[in-house]
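When the chains are written out, they are named A, B, C and D in that same order, and each has its own residue count from 1.
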Amino acid sequence: MNKVYSNAMDALAGIANGSTIMLGGFGLCGIPENSIAALVKMGVNDLTCISNNAGVDDFGLGLLLKTRQIRKMISSYVGENEEFERQLLSGELEVDLVPQGTLATRIQMAGMGIPAFYTPAGYGTEIAEGKEVRDFNGKPHLMEYALHANFAIVKAWKGDSMGNLVFRKTTRNFSTSMARAGDITIAEVEELVQPGMLDPDQVHVPGIYVHRIFQGQQYEKRIERKTIKLASS
Amino acid sequence: MALDKFGIARRIARELKDGMYVNLGIGIPTLVANYIPAGISIFLQSENGMLGMGPYPPEEEIDPDLINAGKETVTILPGGAFFDSAESFGMIRAGKVDLTVLGAMEVSENGDIANWKIPGKMVKGMGGAMDLVASARNIIVAMMHSNPKGESKLLDKCSLPLTGVGCVKKVVTELAVMDIEDGQFILRERAPGVTVEDIRSKTSGRLLVPGEVPEIVF
Amino acid sequence: MNKVYSNAMDALAGIANGSTIMLGGFGLCGIPENSIAALVKMGVNDLTCISNNAGVDDFGLGLLLKTRQIRKMISSYVGENEEFERQLLSGELEVDLVPQGTLATRIQMAGMGIPAFYTPAGYGTEIAEGKEVRDFNGKPHLMEYALHANFAIVKAWKGDSMGNLVFRKTTRNFSTSMARAGDITIAEVEELVQPGMLDPDQVHVPGIYVHRIFQGQQYEKRIERKTIKLASS
Amino acid sequence: MALDKFGIARRIARELKDGMYVNLGIGIPTLVANYIPAGISIFLQSENGMLGMGPYPPEEEIDPDLINAGKETVTILPGGAFFDSAESFGMIRAGKVDLTVLGAMEVSENGDIANWKIPGKMVKGMGGAMDLVASARNIIVAMMHSNPKGESKLLDKCSLPLTGVGCVKKVVTELAVMDIEDGQFILRERAPGVTVEDIRSKTSGRLLVPGEVPEIVF
């Protein structure tokens, strides 16, 4: 049983035109840089991408927008990106906006086998249209469904050859839930280690959820909004 | 004299109590962190997965793996913790966050809020706003009293698509501090030198003025 | 703001006759030993205890059964314990048996503000009686509700004065979910440390969920079934 | 000659494939771990919160913080991970566990299973059994063909309260290996020296015998 792949192209085998793919990251933080580059190289298109954001013009999912490989985005906040806006207005790109907590939880539920649940988010708004409304403890809730994907692609800090993953700081974001929700989950890691080198008490994603893993290269980790404390402040 | 954005933030900071877990939205709400009263500790929650958010880092400590919900590089304080988005919104939904401060385009007299979409304009998305307003135990809106066209943002009914219904408890603008109770705005405090009439003339929704309304004194 | 208490009796203040309490642990592994001893000392009764198991005759929740302080147990597996059986048969004790995964998830959902969800567990069994049945993807599911408690009491390995908790090995079990689900959550820890001494990437329960914390004493950590590898095997 | 419990476990171990994640119930199923075929790796899941469960520890390595779902002291193998019960049943419910082996009091020809309650007797509870049988992708039951009274445990319909419906895919007893398909037991293998007639006479539910039925050879 081998989960280890030598590079992104090999690890992403099977992703095809029309695939639904979850991609971890919040803004540009914790995005699977190597896999996105490989998707561009593979040229697969008509993709449905589930990701909280859509990158910027020349980085992150923006790269796949530029090449028009994405047909539909399922996100909570998009459009830091002119190409995105152009494709949306021209009708080339479809966007399904989901409240961020509902998006995170729908993905989480997919990974725990819960097909549907109730949340108060979005009640009384246009998000509620067509959804079942039900009161619990006197408060109206919407029924929301688990969100699955053919492939989940995440980027972790460290991983071992069993597929166990460890994340660093705010890079966990959607990635840990997505890793559990993919029919096939592909992880790229900054450092691939041997079994036994990760503390079993401190694994963020147990290997059972991860089907393929590879060590990524040359992480740029671009910063979207560099904010610093001035010496005087 | 009307408050500026720093004044609004400073006034809101008075609502903070020792030990509170607080989520601050982008814009004026973020400034609240600069005015935390002396002697109390506040834990800032950032919905991308952090408790105990600290100030911006010095240049040499910038870490691209450590950002806030506004995608800004930040730091974490001792005793903070990282977690994932599902957990983050779990704690929000479960009412563990004591106070949420956020901006708005419109607020209505029954506490509805609109802050994510303007029909006809490019829609960027609601991000975490709908989850926050649906579940936060206490929500304070920080905003200007009027929009750039001079129209009141405190309405009987929101005209823009809603973010949430009946959830806003307090609004702080450059002119006034108002609670929302029983389907009306209740004027609690005036900005220095601003009259009740000024406020009334710029408030479209029902405004209750309960006797004397003190000025905000810093 | 101070969450730190000097001992179990102080930390458990407010628990009263009739309170509903969640107690972490699986069998005798990871149980809040100090708090259970304090509950015996406090003499509060008519308790509803939510805990996966009910201890053994002279340890764990068995101690509270012996003193007849428990009116109702909500558990998945009980009765390693003669006193338990006696009280159950005599009608002194009420027991609500819940499938273990449903129990864990109901508690988890309480901590994440989801009032109800759907699970396939128990469909077609007597557990389904009176419950809403609904098909998802052609498979029948039961609607289950979040399970809350007035107090959650858990035992962690390490904790800091902000309430952050870290667990060791299989002691996490129900405790991490219960810690998130209590109206008031009380944690006892083997070692209480200062803020900054726990790695923020490796906190199992963030402090926001924990209202009171104290350093426990003299952990016995009794083993229920000691099994060893023989030198020959 | 009928198999003993070790033989049943050994036969079931042949169903294991490289890389499988497997949950083994208490009793005979636990013994399966002793017969994992050479050259393949199996990850044992224990529903109290562990992947990569290892063998019992030597006396000096016993750790009360490290037990399995049977409350036995165990070890963890390199590459294993600990997690909480909610996560554990999440992975079970989501079908991430490839194979579940458990004992039963009764199994019916349509795959129903009863293994948690005998009316009139003290009920200890279902533990994780209902969750496991409702969600496991593949379930093998390891049990004796008859109960202590000599009555068949392979029935047209279970008489005891059910644990789950239509979920068992395969049954291995001291006499036979049977698949469950289309509402019947299908005889796949016989224990050494046991005849088809022996098996038929001890099986109450519908039993299909598809031509030649090979003996189990170890």
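One rule holds in what follows: contacts are C-beta pairs under 8 Å (C-beta built on N, C-alpha and C of every residue); 3 or more make two chains touch, one makes a residue touch a chain.
Computed from a prediction, not measured in an experiment: that's the story for all the values here.
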- Message: Count the C-beta contact pairs for A-B and for B-C, then tell me which is higher.
- Response: A-B
- Gap in Å, rounded to a whole number, between the CA centres of subunit D and subunit C: 28
- Message: As a quick test, compute the distance in whole Å between the mean CA positions of subunit A and subunit D.
- Response: 36
- Would you please write down the residue numbers of subunit A that are in contact with two or more other chains? 105, 112-114, 119-120, 167-169, 200-201
- Send over the residues of subunit B in touch with two or more other chains. 76, 82-83, 86, 89-90, 92-93, 135
- Quick one: label the inter-chain contact graph as line, ring, star, complete or other. other
- Message: Going by the touch rule stated at the top, which chains touch which?
- Response: A-B, A-C, A-D, B-C, C-D
- Touching residues (chain side subunit D, partner subunit C) in the complex: 46-50, 55-59, 62-74, 76, 82-86, 88-90, 92-93, 112, 122-132, 134-135, 161-166
- Message: Taking the touch rule as given, give the residues of subunit A at its contact with subunit B in the complex, in rising order.
- Response: 26-30, 52, 75-80, 85, 88-89, 97, 99-102, 104-105, 107-108, 119-127, 157, 167-177, 204, 221-229, 231, 233
- Query: Which of the residues in subunit A end up touching subunit C in this complex?
  - Reply: 105, 109, 112-120, 134, 136-137, 141, 166-169, 200-202
- Seen from subunit A, its contact residues with subunit D in the complex are 1, 110-114, 160-162, 164, 180, 194-196, 198, 200-201, 203, 206-209
- Query: Can you list the residues on subunit D that touch subunit A in the complex?
  - Reply: 18-19, 21, 40-41, 43, 45, 51-52, 76-83, 86-87, 89-97, 135
